[in-house]
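After this come two complexes, each holding chain A, first together with chain B and then together with chain C.
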Partner chain A sequence: MKGLQSNDLIARIIRYRIAYLWFAPFLILFVIFWAWPILFSFNLSLHKWQMLGKPTFVGLRNFGYLFKDEYFWTSFYNTLYYFLTIVPLRTFLALVIAFVLNSPQVRWKEGFRIIYVLPYVTAPIYVALLFKVLMAEGGGWINVFLEQAFGIQPVPWLVSPAWSKISVSTVVYWNGFGFYMLILLGGLQKIPKDLYEAAAIDGANQVRCFFRITVPLMLPIIAFIMIISTIEIFSLFEAPLLLTEGGPGVSSITLTLQLWRNAFDYFKMGYASAYAVVIFLAVVFLSALQLKWFKSK
Partner chain B sequence: MFIVVLLTIFSVVTFAAGQQEATAEALKGKVTMSGGAYLMRSAQDVWDTGSMPAKYPNIKFKATGYPYLEYAKKMKIAIAANESDPDILVVHSRWIQDFLALDLVIPITDHINKDDQVTEALLEVTIDDEIYGYIYEIAPVVMYYRNDIMEEMGFDLPTTLDQYFAVGRKIAAAGKYWDLIDPAGGTHVAAIEREFLNFITQLGGDVFGKDGSVILNTAKGKGVEAAQLYYRLFKADFTGHINAERPEGFTAVKEGKVAGNYIGYAWVHRMRDAIKEGDPTFGEWRMGTPPSLVPGGARSGSETGTWVFINKLSDNKKAAIEVAKYFGHSLEGQSALANKHVIIGGYKPALEYLQDHSAAWPLLGGQGVQAKIAEILLTQKVPIAHADPAMGEAQDILRDYLTRMLNEEMTPKEAMDAAASKIQKAQELK
Partner chain C sequence: MTVRHAKSIAVRILLYGVLLLFVLICIFPFYMMVSGSTKNNSELITLNQKLLPQQVNFRKYALLSERFPFWRISLNTVFFAGSKAILAVLFCSMAGFALAKYPFPGRSICFALVLITLMVPFQSIIVPSYLILARFRWLNTFWGLIVPGAVPAFGTFMMRQFFVASFPDEVLDAARIDGCTEFSLYWKIVIPLSAPSMWVLGMIILMLNWKNFIWPFVVVSKEEMFTIPIVIQAIAAGGVHEDWGQALAASTVGTIPLIVLFLVAQKYFISGLMSGFSKG
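Up next is the complex of A and B:
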C-alpha cells in the first residue's frame, strides 16, 4: 500500500512537473531559510555551544535551567503583560476607528487613513529612537509639555521600573495601530451594506449595529489579527532594546530580547535556542487557543 | 690596518641598514584591526598621521570600528566563519577571557618587554607565562571636582574614605552634589555595575577568582563590603540621583549643582561633547586622584581596559604583530593615542613621557588630563577586575541586582548573594 502511495506521488509530480518546477524555488528557499534553521535550533537547544568549536550534547539541561531561571520568568511575565495591555485594546480600538472611517458620514477618509498608517510605515527602529528623545526624563518634549501645561513633575518614562513597561507598550501600540486598522477596514468594506440598512429599518442604532452585525461578521479577521499580534508581541525586540535596553534592571525585557542577549551577548547559543523553542511553543499554543475560541463563536 | 677597520665598520653598518630595509620591505599587505568605534577611529587617525606609513610603506592598515556591544559578536562570527579578518582584535576586558579561553589568539611573548607594561593589566592576558596581548587602554576611576568650589570652601581633595564623606557632607550642606549615581542603572561610563567594579577592586576584592570561581559574596571577594559602601554612597545627602552622562546630568553640572563626581576617567569625553569650551556656567573642573577606600589601599581601581590581540587565523601575522606593537608597545603610538584621543594605555615609557608632555585641556583649566591618568597608573598599582568568560553576563546581572539594591528591594548582602548565585549558573551554561 505504502509503495503504491509513493508511486502515486511520483507519478503526480511527473505529471504536474511544470507546476512543481515553478513551486521549487520557493520550496528550496523555504527549506534553507526557514525549515532548516528551525530544525537546527531545535537540535541546538539540546547542546551547549559558543558559536566556535563543536556543540556539546547536554540533553534537556538547557530547559531545566530555563524553567528555574528568574530572568526567563520575568521576561515571560513582561511579554504576557505587553500582550494583554496592547493586543485586546488595540484590536478593539482599531475596529472602532475602522468602523468610523468606513462610515459614509466621515469626510476626508483618505487623509485619516494616511495619518493612521504613517506610524506603521515608519521603521520600528526610528519610532523607538524618536520616542526615546520624546520620553527623556530631563528635557524630553512630553515632560516639558506636561510641566508647562499642567505643572506635572518630570515622569521617569524610561528609567523607572514602574513606567518602563507602560512606555514600551505605548510605543508598540502607536507603531502598529494603523496596520491593524487597515486590515479591519478592508474586512468591513466586504460586509454587505443592506445588512445595516435592514437593521436601521428595524430601529437599530450605530452601536447596536456595531456589536450585532459588525463584530460577529468580522470575527474571522479579528481572529487573524489576534494571531499575528500574538506573533508580533512574542517577537517584540526593537522597542524594548532601543527604549530601555530591557531595563531598568530587567523590568521591561521581553523573551526575544532575552534570547538575543543569551545568543549574541553571552554566546550561549544552546541556551538561547531553548528560549526559541519555548517561544515557538508558546506562540503555537496561544494561537491554537485563540483559534479554538473564535471557532466556537 | 686603519683602512681594514674602516671597511669592516662600513660593511657592518651597511649590512644592518640593509637588514632593516629588508624587514620594512618584507612586511607588507593588508592588516586589518577591529574593535569599538571610538578606539578604531582613533587608531586609524594615529596611524595615518604618524610615522608608520612611511616606515612600512607596503602595509595597508585599516581599522574598522563597531558599537561597543556589537564588535565582539562580529569578531566571533568572522572567526567562526574561518575568516582571517580582522588580523588584530582590540577587545575590552568584558570579553578578553572569552577570547583567550576559546583559543582564538596567538601569544606575543617574544615580541614584548613585559617590564615596559603595567603589570596588573598585563597579568589579565598572561596564561602559563605566555603573554597574549598588548595593553591598548586602561580605564582607572578618577575624582572630578570643582576646584573653585573647593577653594572657596577651603577643602583639599580627600585622600581617604572618611575625608571623602566629611567633605561630601559639607558640600551637601551648601546645596550641591559630590557624586552622581543613577538609580535606574546608569549608562556606559556611568553604568552602576562598572562603578561598583571600580569599588570592589579598590577594596582589594573581585567578582571572580583567578581560578574562575565566583568569589563575589565571599570574604575574599569583598562584594558585600563593596555593595554596602556603594549603597552608603548612594544614600548620602551629597549624592545626586541623576545620570552623569545624560543631558540632565550636564544640566545639573552647568547649573552649578555638582561639585564632584567619582567616575571612570572617560567621563571627560562626555564633558567634551556636552560642554562648549569657554562656557562660564561650567565652572573650574579638574581631575584628581580618588581617595583610598581602605587604609593603605590603592587610590584608584579599574573595571575595564582593552587589549590588542593577534587573530590566530590571520594570514599576515608578522605585519599584524608590528602594527599591534605600534599601538600597544611603542612610545609614538601610545602617546599619540593619549594626546590626540585620550586613550591611555599601559606602556610605561609612554606613561612617563606623558607626565611632561600631556596635551592641555582648556575644559579642565589647562590641566594635562593624560598626565594625571598616567600618574595614577604609574603610582597606584591600579587593580583591574579579573574578567571571566562569563563577565559580560555577570555585569548585566550585577546591574540588575544593584538597581534593586539601590531601590531598596534587597539589602546589599541579599543582592550580592543572589548575584553570585546567578553568575555561577551563567558560568555553568557557558
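Up next is the complex of A and C:
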C-alpha cells in the first residue's frame, strides 16, 4: 500500500512535471534573494561585523545594545507615531471619498478618480523633495501662502522637533491617499446596489447607510489596507531621508532610516541586522494581530 | 418639498466643493514642481512668492545634463523599469498558471511561499541583499538592478487569482484533446487569452519600479548606473552645492512620462490598483 502511494506520488510528479518548470523561476529567485537573505539576516544579527575580516559571534549582545539604544527607541516610537497619525485617519478619509465617488448622484467620477491617483503615481522621493522646497521656513510657498491668506505665523515645518513628524506624515498622506481610495472604491463597487436601495426605502439617510452598510461590508478590505499600511509605515524611508534627514536632531528618524545608517554609514552590519530582525518580527506580529482582530469582528 | 430641494442643492454644492478642494490639493504641487524647475533659485524660496515664474528658462535642465550623464540615467530608468515589467509578466504568469491549473505535489507549499513573501518587508533584507550582490559582483550592474526582484510575489499571487477565478479549465482541456502539448498550451493558449491581465500587471510593475528608490540606492553608486530617483538624493546629499531647481527639473523628467503613460493606459492602471495587489 505504501509502495503504491509513493508510486502514485511519483506518477503525479511526472504527470505534472511542466508545472515545476513554470514555477521554477519564482522558486529559484525566492531561494537566492528572499529565503537566504532572511536567514542570513537572522544569522548576521548574532554577529559583530564591520565589513572587514570575519564576523565574530556575539550571541544576543546586539539586541542588548539595541534595547539600550536611545535612537532605537526614538525611531520605534516615531514609527508608531507615524502609524497612528496616518493610517486610521487616512483610511477613514479615503473611505469617505470613495463612498462619495461611488454614489450614483456624483458626476465626473472617472475624472476625480484619475486626479486623486496622480500623487500616488509620483515617486516618494520626488514628493519629499518637492515638499522640502514648499515647506522651507522662511520663504517656502506654504508658509507664504498661509501668512498672506490667513495671517498665520511661519510654521517651522522642518526645523522644529515638534513639527518634523507632522511634516513627514503630511507628505505620506499626500503621496498615498489616492491608492488607498482606489482599493476601497474597488471594494465598494462590489457591494450590491439593492442593499442601498432597500435601506433608502426604509428611510435611512446617506450617513446611516455609510456606517450601517458600507463600513461592516468593507471590513475585509479595511483589514487588507491595515496590513499593507503596516508594511508601508515600517518601511518608511524616502520622506525622513530627504525631507527632514531624520531631524532636527533625531526627532523624525524611522527604523528603516536607522537600519540604513548603521549599515551603510557606520558599516555596523550585525547591528543593522538586529534592526532588520526587529522590523521583520514587528511587521509579522502586527499583521497577524490585525488579521485576528478583524476576523473576530 | 422646496425646502428639501434647497437642502439637497446645498449638500451637492458642499460635496462638489470638497471634491474640487481635493482636486486642487492633488494638482497644485505638480504645478509647483514643473514651474519650480523653470524658475531662478532666488524665486524658489522667497518671501515674495509669485504663482507664475518671472521668466521661464530651462537652464536647470541644461545644468542637470552637464553635471550628470542625464540621458544615460533616463535610459537606465526606462530599461530598468521596462525589463522588470516584461520579466515579471512572463514569469509571474507562468508561476501563477502552475499554481492555479496543475495539482502538482507540493503546490500548497509553493503557494504558502508566495504568501509568506508578501508579508516580509523588503527593508529587513537590505543588508544581506547588498552582501549577496557584492559577492556576485553585481553591484552597479543591470544584473543587480533587474534580476533579484524579477518575479515579484504579489504579481504571482495576482496572476494565480486571475487564473483560478476567470480562466476556464474547459479551454485547456479542449486544446489538450486537439493534441496541444503542455508546453505550447502556455504559449499558444494561455498568453493570448490572459493578455489583458498581463497588461495590468505589466503597467503596475513598470510604475512601481519607475518610482522605486531604495533598490537602486542599494545596488548603484556609480553615476552612469543611476536611475532618476537616485539623482535627487545625489543632489540633496551634495551639501553646499545643493540646487533645488536642478532636483525639481530631474523630478519633472522623472514624473511627467509616467503620468502621461498613466493617463493613456489608465484603464489598466486603475483596474490593477483597484484590485489592490500593487504593494507588499
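The definition used in the following text is that the second predicted complex is superposed on the first by the 282 of 297 C-alpha atoms of A that agree within 3 Å, B and C clash if a C-alpha of one lies under 4 Å from a C-alpha of the other, contacts with A are read in each partner's own complex, and residues count from 1 in each chain.
The working rule: a residue touches a chain if its C-beta (ideal position, glycine included) is under 8 Å from a C-beta of that chain, and two chains touch if they have at least 3 such contacts.
Just so we're clear, the structure is a prediction, and the values are computed from it rather than from any experiment.
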Combined model on chain A where chain B meets chain C, clash or fit: fit
Touching partner for A:Ala136 - first (chain B), second (chain C), both, neither: both
Touching partner for A:Pro161 - first (chain B), second (chain C), both, neither: first
First, second, both or neither for A:Trp260, with chain B first and chain C second: second
Chain B versus chain C as contact partner of A:Leu52, first or second or both or neither: first
Which superposed partner A:Tyr116 touches (first chain B, second chain C, both, neither): second
Which partner, chain B or chain C, touches more chain A residues: C
Partner chain(s) touched by A:Gly151 [first = chain B, second = chain C, both, neither]: neither
Vertex chain A; arms to chain B and chain C (CA centroids, nearest 10 degrees): 80
Which superposed partner A:Gly203 touches (first chain B, second chain C, both, neither): neither
Smallest separation in angstrom, by C-alpha atoms, between chain B and chain C in the superposition: 5
Touching both chain B and chain C, residues of chain A: 136, 138-139, 264
Residues on chain A engaged by chain B in the complex (per definition of touch): 48, 50-53, 62, 65, 69-70, 136-139, 156, 159-161, 247-250, 261, 264-268, 270-271
Chain C residues within the chain A interface of the complex: 12, 15, 18-19, 22-23, 25-27, 29-30, 32-33, 36, 44-47, 49, 91-92, 94-95, 97-99, 101-105, 107, 110, 113-114, 117, 119-132, 147-151, 153, 156, 182-183, 186, 207, 210-214, 229, 232-233, 236, 244, 247-248, 251, 254-255, 258-259, 262-263, 266, 269-270, 273-276, 278-280
Chain A to chain C touching residues, read off their complex: 9, 12-13, 16, 18-20, 22-23, 25-27, 29-30, 32-34, 36-38, 40-41, 44, 97, 100, 105-106, 112-127, 129-134, 136, 138-141, 144-145, 174, 178-179, 182-183, 185-186, 189, 221, 224, 228, 231-232, 234-235, 237-238, 241-242, 255-256, 259-260, 263-264, 269, 272-273, 276-277, 279-280, 283-284, 287
Partner chain A, residues of chain B touching it in the complex: 69, 73, 76-77, 79-80, 98, 102, 104, 182-185, 243, 246-248, 251, 390, 392-393, 396, 399-400, 403-404, 407, 422, 425-426, 428-430
